[in-house]
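Mind looking over this structure? Questions follow.
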């Protein structure tokens, strides 16, 4: 249905190289692709395969001074003006293309908005830069754009700053910014990776709407095959900087040609039928020797304000959460963005003050001395949500992974090196990458470094906060396998935080669903997935995109209002939910 | 905001109290005897003791400090030993000139320093960058006395654009501000360059470029406010540094500020004036820091006054 | 009258600059060299000097009379002298002024000058508020009784501290009288903007008809000397009060046009090195003599651009009592070494030389340091702020050697005794005193007292001889090494008129404001 | 592994022409200071008879006196060479110590909020509001003035600004997630401070450190003038300028040459510092 349409972007034989310590290295080699008007092209593939580099090359925004286009052409077609060769353009000429003809949404929504400028300013300025609209008209168009991405109270939002918006809203602002000028081409680099399923659904729906209405061509970069299936007209699969396969979405999913594509598709976790899905195990028996036990955990953040700078409001991030994790067990914590998953994890890792009890390995964390806490810490390791932010950008990744060993005085220097190299191999990196710095990796590769680091100490409990979200499915599968293998070998327990219900379904033994700081449903995987009782749980499962273009959902039901806030006035504690046992430990909150 | 101000003012008052105590103690320990200076070379020991008693300088330290503090609270800084006038009057008559000069100097150094730093950061690694770097170091290394006289000689004596020293109109202000500003400009240029280079690497600058904004908009609207933040924090610090240079600059340009007053007082151990000027300059520094902290949230909305 | 220049023109205004602030214009308190002559133009005393000279003449007094025993001085006051506030000055004001200056509450640095007046001790001790030795005979006659004959008393009646102030104004302004001076002088204060400018305005009612010549004098404060010179060259000012800055001296003297406007004159000044006679090894007279012989004074004079003449005795050449015949110690390194060896310091010794930190004093100290090193004395230099050097000098164990430059001695009045009392006599050799060599020779103190008792003007010559002898003895003991007598170089704008000696007036520095005039009026 | 990058730093430093120039200048200055007695035939304190004109003016540069003479007829080149000793101690050692104190205080206060942080910062505020000159004068009165006293005073006075700037940066750095990550693997506070936070402060430290060279060398002159610190005739670059600055028209060489020396030293350290910053900043890899 797309081949007949005219071509808008034509990339031929694109090569991108980066300069490292030992000479240049190609990260994109000989990539050719065509994008037609109104088409959605998905680029999927291994993390680190050059997807982001390709999109940056189109925008002529490759990271300086390391990367450059070493060969190839990028041609932008235009009915009126004819072709424009983008690779030869200088900044001034490029400026007219960027935003106006080709717009881009970046992989990192958190850092891509300017923290000191209001949303309104950031929206209107690009409109004013490319059109001759008056400020008032630009403002109106900005409001329209915000409304188009379904941001409530668009007019008053203009005055807000990025840090006052949630992650999902920021990403939508980015999209609004890109779309306000009605570009011919929109490049969206992992626009939904940072978002939970419900918001992801909305954002994808939005992209589709806009494309329908405006005929924009979209390059969508993602490793989530569900998203690909949902969105793509055509798909390109990349690996090691090269294109391994190209074709219509339906064809790729139905009849994958390349071995890698098959591998990729095989690795896609599916609810109820994932490859890695393990047998349900009964772990209730071991309850007495729990690795970690959390009882009535509360975490609240005080907000200062008002006339005397007193605490007048509180974020009730975690409100009376209790659970326990047995050795060898994986407990998954799922829920919407902002529901308190990461905060729970941080409390367990000792990073935020809390009230309630956290017992690790039989010892209550509060009331431990410094040395004892260090010992306990060895047993609990955490993999953070944002891989880039959680790695010291000034250290080589090899040193970063070795650091826990150094701190706890494990192994000699030589042994350490070997252990680190082994860890690298296990997470799908090569030993020679140990010499690189975090910024020299792609998003997914960085996450693998983080995982290797957490594994270094062979802890009893690993808290994995969205650890596999940024990974492509094949690596994701490998990492999940690795996690399971370690569990078998050493009896590691996991607290697995994720918004990807398919992954959760694949790895977990038990699942806890959180909503506004409280657990609304908890039970074994089978109990929660086959018999979800709480409406919120049901909604979460429903929102998961299915990796099959044939079963594409026509329309995703939108939430009508924003997610309720966990911020409350002092004294207004949220109502405590009572969990009811529906048999065999399947706890469900009574509906309010 | 008001609560914040209240807390900061109490903190500042404590700092000022500390400054007054330390200064008073140091001056008390100073071996030079102010009474001898007052009494003159022909005075008999009895006269000297008489004067000492009158000034209360025979009292123990704690009593002296307490007296100073209590009269300070009623706005009385005492009388100069040498000049015999009210210290308050002396300082009040000279303070506006010094403040004016300081404002002028800050404007100069911001204008020159930020521009230089900005250009250097944009042209990083080029000959322009290198020569700006040399220039900023010349500014920092050049003795202010020489800089002041050179400016005076060229722009006032030779070209006649500005008056040769004095006080009154804006034309009097230009050269002394410039002289003071040149030193700070060197610092600001380096700081600005460093922080600008950092900001230009940020994701949001890439976003701005991706939107196809004009170079000017990227630099001034997106990069500058982020880069200027550490520089703003410097302004408070600056006032303290200025206090050192103000003596020289004020004397070269015949600027009737408190620098000269302080200098003469130090030379002659005129303790009430030294105390007064110290407290006033401490006030200025504390206020400068407060101001820098108050401005910051306007530039970066993430910063909360706490 | 006699002192008026027939060529003088009436009117006009001049501008004078100073670097340092003018502290106060209260005659009982002002003791800086800038306010010294400014006060002289705002106030008058019973006595004064003929302009440009050191010759005493009656001023507010019409005439005076000294009793044969030299202990009673009676002054007849001039009639019709008015304060700036319009009231006539009388003998009561004279008495009031002296009571005030000696009262400890006034905290006058000059109170000690009046120590010979009967009743001074009671007033100084706070036991009385009025000097019993000063009596108002009638409104135009005032009588002073002294406890001892005092040959310097007429000079004392000419120094600022004895200038006459009106009681009502002093009481009105209290401690701020110094900012609101009211006197009988040739000028009155018109404006004082703190830290910027002081303006004097002609006193139209001045009793000395025909004076002053100028209508207005503006003193601009806080001007760096180099900048003041630039402004003089541009014609913006008339007299740079701080003189020609050393850095510019060569330039000015090399330019005939500028040099023509420089007036050179002597000054009642001596620059010397004190040696602490109570501290080893300077307690040995041979060591002190060796130091005297070691200093190459010609070289020192050279490094300050020959703006001084080498000195060999405490008194400056223009001071009565200066002994032209006296040869002093020659510059003789070999002899100096020999003396040191005799004193048991053949290998020299280490010591310290204190100096005030403003140019050119540290440089002079370094030149002296090198000279001392040549005979084996290793003197380390302590270059400190004025107050610290003074404090060190006033401490018996404080400073072995001090270079006096920048701090001491410009005479208060042109009399040889003025170089003795506080700086060479026993009275000054006390903690906190100004006799930094801690030299105390009781015999000489007695001789000095004897000389000062010679009140009879006819015996002035004899008295000067006595003083010469005293200073000769001092030099034999060598507590000081006199180095040079500074010359004054005053520069003026081309429009300034008046005899040269008005510009190097020994008591009016930088210039005699009352008698100079400008040539470009009418 | 830890040994390897450091060796690389030297190698890469030597590969950069600008850094090489900087190292060369520093080597010249240090060499000049150490070898001064062999490099010049004059005594730095000898006031030569033929070093002044008859009128007492200094001599301009000539074959005899390469950089001219000063107001006392001493050879300026010799004084600058010997003065390098003093100025290196002040500009490098004292300034370095100030930088060290400032960094330590700033980092500690920024990382450990709580009472340690606020006590340190209030103390810093106090020191900043307190007139440094006064402290110097009082110290001079208490101690025998010497080079080491002045070095100490400069260190005591100059750390304050650095501390403030470092404090601000550290407090924002310690909010970053990778610091949290370090805590979870059990890294001790010193390890986090020195291995993870300090390297990020390097650009700031370099800027302040190199600019501090000129400022401290000139500050030394002010302190010497007030009687604390090196006393005449000991030479330092700062006091050569200070003694002679009023003569800058009559004898420009007296100000120009020592000024150029200060500038060269500061610039040299800046060149090295800039190069170091690029080398140690991994994101700058690939920059020539």
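First chain written, first letter: the chains are A, B, C and D, and each begins at residue 1.
Assume contacts are C-beta pairs under 8 Å (C-beta built on N, C-alpha and C of every residue); 3 or more make two chains touch, one makes a residue touch a chain.
By chain, with names taken from UniProt: A = ABC transporter ATP-binding protein; B, D = ABC transporter permease.
Here the structure is a predicted model, which is why all the values come from computation and not from measurement.
Asks: I want to compare two interfaces, B-C and C-D. Which one has more contacting C-beta pairs?
Replies: B-C
Asks: If I average the C-alpha coordinates per chain and also across every protein chain shown, which chain's average lies closest to the global one?
Replies: Nearest to the common C-alpha centre lies chain B.
Asks: For subunit B (ABC transporter permease) and subunit C, what's the span in angstrom between their mean Cα positions?
Replies: So the centroids are 38 Å from each other.
Asks: Any idea how many Å lie between the Cα centroids of subunit C and subunit D (ABC transporter permease)?
Replies: Here subunit C and subunit D (ABC transporter permease) have centroids separated by 45 Å.
Asks: Quick one: report the Å distance separating subunit A from subunit B (ABC transporter permease), using the average Cα coordinate of each chain.
Replies: It comes to 50 Å between the two C-alpha centres.
Asks: Scan subunit C for residues touching two or more other chains and write them down.
Replies: 226, 385, 388
Asks: Specify, in ascending order, the residues of subunit D (ABC transporter permease) that touch 2 or more different other chains.
Replies: 137, 141, 246, 249, 283, 287
Asks: Would you give the residues of subunit A that are in contact with at least 2 other chains, written as numbers and ranges?
Replies: In subunit A, nothing touches at least two other chains.
Asks: For subunit C, which residues are in contact with subunit B (ABC transporter permease) within the complex?
Replies: Residues 17, 19-21, 23-24, 26, 29, 31, 104-105, 107-113, 115, 124-126, 175-176, 178-179, 193-196, 220-224, 226-227, 230-231, 234, 236, 385-388, 390-392, 394-395, 421-423, 428, 430, 432-434.
Asks: Help me check something: in the complex, which residues belonging to subunit B (ABC transporter permease) touch subunit A?
Replies: Residues of subunit B (ABC transporter permease) touching subunit A: 2-4, 7, 202-204, 206-215, 217, 221-222, 225-226, 299-302, 304, 306.
Asks: Which residues of subunit C touch subunit D (ABC transporter permease) in the complex?
Replies: Answer in residue numbers: 226, 245-248, 250-251, 253, 299, 302-306, 357, 359-360, 362-363, 365-367, 369-370, 380-385, 388.
Asks: Residues of subunit A touching subunit B (ABC transporter permease) in their complex?
Replies: Per the touch definition, subunit A meets subunit B (ABC transporter permease) at residues 59, 61, 91-92, 94-100, 103-104, 106, 108, 111-118, 121, 125-126, 129-130, 161, 163-164, 174, 177, 304, 306-310.
Asks: Show which residues of subunit A lie in contact with subunit D (ABC transporter permease) when the two form their complex.
Replies: Residues in contact with subunit D (ABC transporter permease): 18-21, 65-66, 346, 349-351, 374, 377-378, 380-382, 384, 386, 389-396, 398-399, 402-404, 407-408, 413, 417, 437, 439-440, 450, 453, 457.
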